[in-house]
Structure formats: C-alpha cells, structure tokens
Amino acid sequence: MPRPDDRASDQLRPVTIQRGWLDHAEGSVLIEFGGTRVLCAASVQESVPRWRRDSGLGWVTAEYAMLPRATNTRNDRESVRGKIGGRTHEISRLIGRSLRACIDPKKLGENTVQIDCDVLQADGGTRTAAITGAYIALADAVTWLRERGVVRRDPFRSSVSAVSVGIVDGEPRLDLCYLEDSHAETDMNVVCTGDGRFVEVQGTAEGAPFDRAELDALLDLAAGGCAELTQLQKEALGR
Amino acid sequence: MPRPDDRASDQLRPVTIQRGWLDHAEGSVLIEFGGTRVLCAASVQESVPRWRRDSGLGWVTAEYAMLPRATNTRNDRESVRGKIGGRTHEISRLIGRSLRACIDPKKLGENTVQIDCDVLQADGGTRTAAITGAYIALADAVTWLRERGVVRRDPFRSSVSAVSVGIVDGEPRLDLCYLEDSHAETDMNVVCTGDGRFVEVQGTAEGAPFDRAELDALLDLAAGGCAELTQLQKEALGR
Amino acid sequence: MPRPDDRASDQLRPVTIQRGWLDHAEGSVLIEFGGTRVLCAASVQESVPRWRRDSGLGWVTAEYAMLPRATNTRNDRESVRGKIGGRTHEISRLIGRSLRACIDPKKLGENTVQIDCDVLQADGGTRTAAITGAYIALADAVTWLRERGVVRRDPFRSSVSAVSVGIVDGEPRLDLCYLEDSHAETDMNVVCTGDGRFVEVQGTAEGAPFDRAELDALLDLAAGGCAELTQLQKEALGR
Amino acid sequence: MPRPDDRASDQLRPVTIQRGWLDHAEGSVLIEFGGTRVLCAASVQESVPRWRRDSGLGWVTAEYAMLPRATNTRNDRESVRGKIGGRTHEISRLIGRSLRACIDPKKLGENTVQIDCDVLQADGGTRTAAITGAYIALADAVTWLRERGVVRRDPFRSSVSAVSVGIVDGEPRLDLCYLEDSHAETDMNVVCTGDGRFVEVQGTAEGAPFDRAELDALLDLAAGGCAELTQLQKEALGR
Amino acid sequence: MPRPDDRASDQLRPVTIQRGWLDHAEGSVLIEFGGTRVLCAASVQESVPRWRRDSGLGWVTAEYAMLPRATNTRNDRESVRGKIGGRTHEISRLIGRSLRACIDPKKLGENTVQIDCDVLQADGGTRTAAITGAYIALADAVTWLRERGVVRRDPFRSSVSAVSVGIVDGEPRLDLCYLEDSHAETDMNVVCTGDGRFVEVQGTAEGAPFDRAELDALLDLAAGGCAELTQLQKEALGR
Amino acid sequence: MPRPDDRASDQLRPVTIQRGWLDHAEGSVLIEFGGTRVLCAASVQESVPRWRRDSGLGWVTAEYAMLPRATNTRNDRESVRGKIGGRTHEISRLIGRSLRACIDPKKLGENTVQIDCDVLQADGGTRTAAITGAYIALADAVTWLRERGVVRRDPFRSSVSAVSVGIVDGEPRLDLCYLEDSHAETDMNVVCTGDGRFVEVQGTAEGAPFDRAELDALLDLAAGGCAELTQLQKEALGR
C-alpha cells in the first residue's frame, strides 16, 4: 500500500515554520508538519518555581493541549471536563523533558521559560511537531533574555527535534500522518539532539510486538528524519 | 487623547475573515479585529442533547476560550486549574444566545451546531470578534447540512454581528483595543441582527456611572459598527 | 394579557426589607420583591486580598447562590456537583461590580466587605433584589466600620439599586415575576445609582430582537423603578 | 459556671417551628433552637434513584449545608471550594439515616423525598435542629403524596427528633449552644423515635474520655429532651 | 443463627499485628482482624500545620482509604472519581479524633504525626482495626521522636483501641464480620482508652431502633473487646 | 561505583511472587522486586464498557497507584488532591497497553478484566514490577473465566514482563533500585513478550543524551532481564 500522500517511506511531510506568529510572546512559532499545525508560545518569567529557588538553576517546562476541533470529530474541552486527560499529561511531560535536555539550567540562571504548545489542527505527529517548534520558540525566548542581559552565556547544549516513525503494512515509515498512525502496528516517537544522540525513545506495539530488527530499522529512519528537521530549524533561526 | 492607532472615534479596526481555516470542521473562520485573532470552528451533530430530544427543535451552542499566551502576560490554563472561570462562562453563554437569536430551531430540525471560539491573540473585543466570526462558521455549517439534505429550509432569521463601544477620556468610541478597554469609564458590548435590531446590550460602568445621553451615544456608535460588520460578513460569504 | 398579580405595567411588586436578620454579620438584610426572598449578609475583614495589598484601596465583592429548593422544582447543589455554574458566576460578578460602583475604594481603606446573597425563594428578579438588598447590608457594614473608627470618611459615592424589566406580550413591564420572565421576549436588568445614572444595563432578546424604541421604553421603566427602590432603601436605612 | 442563657441543665432552648415557610416545596419548615435557625425543605419525586428501581421501595435522603455567614466569622462556600467538607458529608448522612429509620420504604412506594437542611444561622445543635425540623417537612411531604393518592398507606413507623447533650465544666447539660459546645469535654448527639428508642447515639470525648456513669447521665438527659421535642413536633403538626 | 465462623457472641476474631511492615515509615503496622487487613503507616514531620504554629502544641491526624479490590466487588478509586466519599471522610475524622484523645499535644511539641490507614482487604470492622493498629504505629513514631530527642516526655495519656458490636438476629455480638455487619439491626463502633473509658460511641439503628437495655448490652460487649485488644497491643509493643 | 546491593550489572534483584494474596479478587499477586512491593488485583466483569459493546471483543485495563507512605517521605493522596497526577496516568496507561498486547480480545469475548496495581512500598522499578505481577493476576482471572465456561479458548498470545535498565556512572545496569534510578543518566523501561519481542520501549535521557551504542547495550540487558522474569512467571503459575 502506498502512503496516502505518495511520499517515500523515509520522507518527511512538508514542514513550514513561521516565527513571531504572536505579538507579545517572547518566542512564538506556528509550525506545520503537513496538515498538523501547532502554535508554540514561549513565556519568560525572571524567577523560578518555589521548589527551585536559591538553586541558581533555571527551569523550562511545557504544556500541550489540543483545540476541541483540531481533529476529525470534536473532542470535549479538558477545561469543561474539569481535568487533564492522561494523554495530555504524558505529552506535556515529554515536551518539557525534551527541552530541558538541551539547556544547561545553570547558564539559564533563575529564569523560567514556559512553552505552550496548542494544536490548532491535528493530522498525526502533533507531539513531534510540538517539540520541533517548541525548540525554536525557546531559542527565541533565550535570545530575548540574552538581549536584555538577564542571561549572560548561551545556555544551549544542543538543539532538539522529534519525529514519529512506525511500521505500517509491514513497512517502516517516517513521519506518519493520522491515517497511517491509526493503522500502524508499531508506533515510535524519537527525540534527538542536533548532533544525533537520543533524548527520548518511545516505542509502542499497537498491534503485534516488534523484534530487534524492526526496532533498529525504525531508529535509523528516525535519526535521519531528526537530522533533516535539525537543518530546517537552523534555517528558520537564520543560522 | 487620540486613539492608539489614530482611528476616528467611529472607525472599526481592520477586519479580516478567512473562511475554511480548518480542514475538517463543517465551518471554520479565522477572524481578526486588528490584533485580536479568533478561530471559530463549527461542529455538526445530527442529533440534539438529551433534554431536547423529540422536540423537533435544533440546538446551537458555543464555547469560548483563550490560549494561555493570547494576552500580554501568560494566564494559567483553565484545564490545569480544573475549572472554567466566570468570565469564560459568561462569554460562552453570550455567544450561544447571540447565535440562537438568529436561527429558527424548528427549521434546523434535531441537529446541533457547536461553535468553538478560541482566542489565539487578544487585543480587546475578543467576544465581539468571536460572535461576528461564529456567525460565518455557523452559516457554513448550515450550508453543509443543507447540501446533504439534512436541513431542508433556510433556518436563518437574520445574520448577527457584535462590536464593543466605550467611553474613553470622556469620548464615545467604537471597537476598543485592549489599551482603550482597560482605561474606559464605560464599556459596552452590543450584538445586532443584520437588520439593525438588538440581540444583546451589555453596558458596564467601569469607572463613573453613565447617563442616558452617554448611553444613547454608545448605542448609536454600536449600531453603525454592526451595520459595517454585517456588510463584511456578507462579502466574506460571497453574498 | 393582564399581569399574574394584576399590577400596572410600571408597578413594582411589594418590597419588604428586614435589616439585622442575622445576629453576627456586620450587616444583614432579608429583602423580598414579591415572592422572591434573598438573604444578604455582609462580612468585614480588616485587610484586603493579597493582590490588592499596600494599595491603600479597599475591596468589595459578592457571592450569589440559590438554595436547592428556592425554585418550583429542586436544583442540585453546586457544592455537590463540585462546580459553580455559569449563571451563578455571572450574577456574583454583576453584584460585585454594582456595589463597587458606589464605593470609593480609597476612602474604604484596606478593608474588605464580602456580601453573600443567598436566594431562599425565587420568583423572578433574584439578582435585582440581591443588589438592592446588598447595598443596605453594605451600608450597615460600613457604618460598623466607621463606628469602630476603622473607616474615617464616608466611602459611598451614591446608593445603588436594581430592577428587571421586559417585554411580555408586546408590552414593556417593570419587575417581572417568574411567570412573566419565562415568557418575556426581551429581558433586561438595570442597575442605577441613587441619582439616576446607569451602572449596568444588560438586555437580552430571549425571543425576537428588540428595536431602539423598545429599548428606550424599557430604560424609562427601569429608571422609574430604581428611583422607587432608592426611596425604599433610604427609608429602610432611616435616612 | 451557669449556662450562658441561665437555663437549667436539663432545659431546652426556646424552640419555634414555622411550617410552610416556602411556597413551592412539598414540605418546608423554619425551625429554631434558640439562635440556631434551619430551613428544612422537602422535595418529592415520583420515582426512585436508578439503583433502587423496580424494588417497590421508596427512598428518603437529605443534604445539609450552612450559609457562609451562618457563623460568627464567615466560612468559604463549599461550592466555591469545589468540594463538600467531611463535616457536611457526615451530617447529611446522619440526617438521611435518621429519617429513613422512621419510614417504611415499602409503604412509601417508589417515591423519593429529598430533604434539604440549610442552616441560616448557627448557634450549636444545627444537626439536631435539622433532624427535628426535617421530620416535620417529611411529614408534610408525605401528606402531600397521600392527598394525591400516590401513597396509599401511612408509611411512618414513628416520629424522629434529635438533641445534643454534653459535659461542660463537669456537668451534663442538654441542648448545648455554641459557646458551651466549644468548651464541652464530651459532646453527644442523640436521635430518638417518638416512643423513646434510639436511632443514633454519637458521643465524642473532645477533652477527657468519659466513663460509663457519665455516658448514662447523658443518655438520660437526651431521652428527656427528645421526648419534649416529640411533643413540640406533634403540636406543630396539629396532632 | 450461629456466627459464620462459629465464634461465641463475645469473642474477637483472630488478631495479628506485624510491626515494621514498611522500611521507611517512622511507624508501620499490618493489622488483621480475621479477614480484615489494614496497613497503618505513621509519618513524622518536625513541624505543625500553619494554623497551629507557635502554639507549642503537636498535631496527630489520619487518613483512611480502601484499595479498590479490598471488597467482594471492585469499587472505583476516589482519586479517579476526583473526590473523597462521605464514608471515607467520616472514618478519617474518627481515627484522627481517637488518636488525639490519647496524646497530650503539649508534650508532643510542635511535631506532626500523620497516620495513613489503607485497607488492603475488608471483611467488616475496618475502622476499628485501623484505630487499633494506628495506635501502635503512632506509638512507634513517638518512640522514634523520643530516640532522636525531639520529644522529651512521654506524650501518651493512655492507649486507644476500638471494636465494633451489633445486634444480629436479636443477639448482641462482638466484632462483626462483613456478613454479620450487613445483616445487623444495630451497629455500633466503640473506641476506648486502655483504662476502659470511652473516647467515641457511635451507634446506628440500621433496622429497628434499639432500646436502652440493648444499648447497655452492646456497651458491655464493646468494653470487654477493647480490654482484650488493649492487652494484644501491649504484647505487640513488648510491654 | 559498585551497586548499592553489590549485584552484578546484569543481575535482577530477588523476585518473590505470592499468588492469591486476596480472598475475593479473581486474580491477585503480591510481587516484590527487592524492596519494591506491589499488590496486583484482577477484577472480572462479564461485560465491556459502553463504547465497546456489541463488538464481540473483550477489554483489559489497569490502574496504578501508590500508597502515600510507599516512599521515603510521604506523598499526598491523589484522592485528597482531587486529581490524578501525570505520572500516575502515564503508568496506568502503560500497564494497560502492555497487558492488551498479550491478549486476543476476540477470544476473551465481551468480558472485562481490570487490574489494580497498588504500590505498597517503592524502591525503584514499580511500573515494571506492576506489569510483571499484573500478567499473573490476569492469567489467574482468565483461568477463573475459563473454569466457569465464560471464556472458551485461551486468549493469551504470549506472556508479558517488564524491567527497567539505565546508565549509572557510565555503566549500563539492569533493574535499578531507587538510589540508582535517581542518579541514572539514562533510564529505560522495556516490556517484552515471553518470546522476546518488544511491546514497549521507553528510554529517557535524564542527564546527557545517549548514543546508539548505549541504547543497544540497554536493550540487550533488558531482553535478558525479561527472559528471566518470564521464567519466574512460569514457575509461579506452575507451568
């Protein structure tokens, strides 16, 4: 079975990155992975949460959410239901960990950057688009802090990007769209640093369990996809 | 004191309306009133809530929300706080009532249209932009229902639009931006039908109480603004 | 169609005001507008909420609620449901704004008056009875503060009262009871100061939209009703 | 130490009972035990909760709550805090059990009576006043059901009333007011049927543990108090 | 009808007490009353809650909960339902009061002991097993505090234990198992100090009301059961 | 640095498995991985959730929780806080997915098995112990269903077990205890089927990102650990 959009199995969807989409946020990006559209906004506070005070260390955290009609059929709002769902929690935590992996908290000083990733439209890969965009919003927020002299040294250890991979119809594929994702036997999200090391590897057998060879093939695909995304991030940041 | 963007006191901010901003929603609009940017998405269900079953009547309802960094400084998510704030409730109810005022529920039949109005960026007048955009999303959703033969007759009694007015520095002004809104002595939101009648009038003395002459001046301004918005809605809908 | 209680269209229902209904509250009033019965209790704190500290300004706020069997059929308790409904939020905010409009926060000093308006029985106009009674409870609480020397100067800019008006069977009517309210085409709540200016105007087309002439007729009726209520408040306060 | 209101140790406070305090409830009572004032409202439903359907048995339940300023200093609303406190839960359950003890659910048929006990003013003994008043509201609601032919046979096995007793300054006392209650070494609430048997006995050592002789003295006092309340209930019901 | 396990009517079920069941808690006990199995863990904090600071007094509090499959059929988790049920609240409060009755807060100093009682398996009498075990966990936690010199003098006024009694088939019985408990006409929980005085007496007529003679018989049974439990506690503590 | 308990880097902690720890659950296991102690209880319902009705498919789900004093210092109860934390959500979902991976829902028929995994004591690896134990509780519940003829064919596709691995002091290690876990640079949880394929791979760089060689070493270690656990599961089940 060919891919719904006729891509090669190791091909990303078209990626667009618009920096500065919001007027007030210290960093903001509208990122698209094909039909997936995520607004990433960075908010700076020149302080840290109570439990981190007087540590000399900064803090980076993230919240992920989806608009109710981002998907094919409407989902109830979590604010109306009165609680955050498990999936939302899980992805917010993943984004936060991924961003913290590329920042030296000592160099950030006692400042907080909160990244909000709101999915305006969902077509698979929302968490990986969110991480890839959030890194750019974070980079802009850090630039903002450095321009004001609040942060003196570059706190970035590396960049970070993410992509989904999966086995569909027995074939390992890169950057699944929703249709593929919902039919995948195995689904994996991989977060890499700009120099190609792993920050997170989350693979799940949705259908049949996968063997070591399949796992290796998926990791190869993902590493290649992240390398491409790293390049696109550099271009978007004008580096 | 001149207006921050040098508008005349009876002049709207630039209004842009993009229909079909989402791929899946039965109606969707990205509407901008100056820096205020609201995504309105209509979701159709071919049924009605339990309490309305077997009535032969349709239902239109709305939910309003703001992204955490829509504003100058970040606000906590209502989903994280675990409850909807009073202001959000109030505006959701206002939008719903306004839309129901322009629809004949009998002609809609036992179908529900739910409109989600999500403020992506806020610069004053978010609820009035939401109502004005929601009407268009609703119109598109009704067209979708009619094209499928689910709804046979045009259920619209009229169109509906909304605008804010207020007294700033003693001067009645149309379509306040955030800076004006936060300094207004009196703030009023007015919802009108396309033929110039009132659906909602909500005036509040933020500072000094207002007299009848001031109230009359504000109502005149609002009626003019809504007439202009009605015209822009018609153009957007290609009528 | 005559009014259910044969009143003239511009006639208030019988109003009774009992001050000092509670032994401990710094101000308390049981107010009745016909069958509507609201207990208003003022609680004083010689401090202000955290966000207002060191501003030199006082704070007045209100909470509105209804006993479960205040109405014809029982409503579930909001405490049991675990959240405040939109209507409750909306009315609490309206009462608070109305009371703040008649107080100079600087003269109140860093003191808080919290007004609780609990509807013991509901027959239309609960929010307007609540505002009218709350003003008296507030006045008594301020007297309590002045007698103790905590507040030195009279902080009242004016008194405040409220009444509902509406169009029923095509006729503008004052102070709707529940039966009228539920059949009204248009329903408006108006809050006025003692000198006849407007603090809040909230008009809603429940059925057909209303035109400017109808709006004017309603405002006239409401202004008259508030003037009468102002007089009754004065008498109750022995002024 | 004499009692604050100079009562004898075995003397009730003045009890007043006003039936029919609400216009719509199928039974309603404003009951006062001295300064304690509780509004008890009975609401009838001609059906039972889902878990009891097709059992042929009726259901009686109760909810207890306190207005925020019923007490000397204001308490936050449970609806605003978003949850019911332990004390409220406990008392609601106690009232419900007490009422169910005096009704034959088979004779009630598949009907529900819900009793709401709202404390308008609290001066000790709110739960016992609530039970004593709730019985009368329940009696009126059952009369309402019998007059309509919904319930054919008298479902009451007995009446029910309640009183608090306690040891204050070493002395067993009947019907403690708030001041006594807050100083009591031991505090006991006793619910009795009209024929003098026990439905609930809840004794708590607030200070020192109590011995069997003290317990016996308290039970004697309580039995006498409940007998008096039974008589007052009969008079209020015109029996 | 004989008892399900052929006990005499005044006989306790087999009681086992394992101290130190957890590696980290300052006191911990796995206590069994027949098939009822409760894990009691004491956690020490060398401070007191805010409302008790600078009082010189310590604080002892408790939380009771049941694992979802402690019972015959599974119950939903209270954490998932998002709120604590009334029964849980009630029992937590009962345990806390019972433990505070045997401690002199002045001698405890500004330290807090929190006791968690988690029912791993339920077969009647969970609250009484919890109290009986909690006392031992508390004793171990106090020993821990004294060994560290944080508490200088023995703060215990007495020991505390608890047992259930009830009338089943007209017969007063000690320490009901679940089957008996669910058929009891009257159910009573009694908490006693080691010297035989009462801390709590909570009797409820589940079926028919009970008279004074029955009440007396139950109190006698309970006093005997608590005396036995006191002895077992002493042995467990090696005293 | 040697391991705190002197294990070899590829050595599991002592594992104990007690089946039938509860009297009523259709399957129950107390499993220990060293100091980690998890109670797994399986509850059977001969029906499926509403969204799965009439599909012919069964359902397996899980909930994970920790007692408040399972850890070194006490954590607040999620039931008291009123919401489930992100970590709890995440682990519950992981356990559920892992168990569903080894069951053919068609062969299970429209029956539900709910597994509760409650951590009584935590010393690292609670989620992997939970999965390993839950499989056995599930196996016992399925046996229960087969013995009653409710399930006719063996629904198991394989067994499932889980283990944690991590890089500590630069060394890949198997089955981390809490002390190691909190110092690990990389932490990975791996879920395998009995035949050695992967169900879940969740690797996180807590400190430095990890490269492909490190990832490979961890996967090797985990595969070996799971093979050993599979053997222990077989023995526990007497196969």
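The first chain written gets the first letter, and so on, giving A, B, C, D, E and F; residue counts start at 1 in each chain.
Just so we're on the same page, a contact is a pair of C-beta atoms (placed from the backbone, for glycine too) under 8 Å apart; a residue touches a chain by one contact, two chains touch by 3 or more.
Model, not experiment: these values are computed from the prediction.
**Q** Which contact partners do chain C and chain D have in common?
**A** Where chain C and chain D might share a partner, there is none at all.
**Q** Go through the assembly and pull out the chains touching chain D as well as chain E.
**A** Touching chain D as well as chain E, we find no chain at all.
**Q** Out of C-D, A-B or D-E, which pair touches the same way A-F does, with over half the contact pairs the same?
**A** When the contact pairs of A-F are compared with those in C-D, A-B or D-E, D-E matches.
**Q** Averaged over CA atoms, how far is the centre of chain A from the centre of chain E? Could you give it in whole Å?
**A** Going by mean C-alpha positions, chain A sits 50 Å from chain E.
**Q** Where the CA atoms of chain B average out and where those of chain C average out, how many Å apart are those spots?
**A** 28
**Q** What are the residues of chain A that contact at least two other chains?
**A** In chain A, residues 82-84 touch at least two other chains, as defined above.
**Q** Would you tell me which residues of chain A are touching chain B in their complex?
**A** Residue list for chain A touching chain B: 22-25, 28, 35, 39, 41, 43, 63, 65, 67-74, 77-80, 82-84, 88, 114, 116, 118, 120-121, 123.
**Q** Quick check on the complex: what are the chain E residues that touch chain D?
**A** Chain E reaches chain D through residues 83-87, 89-90, 92-93, 97, 101, 158, 188, 192-193, 196-205, 208-212, 215, 219, 223.
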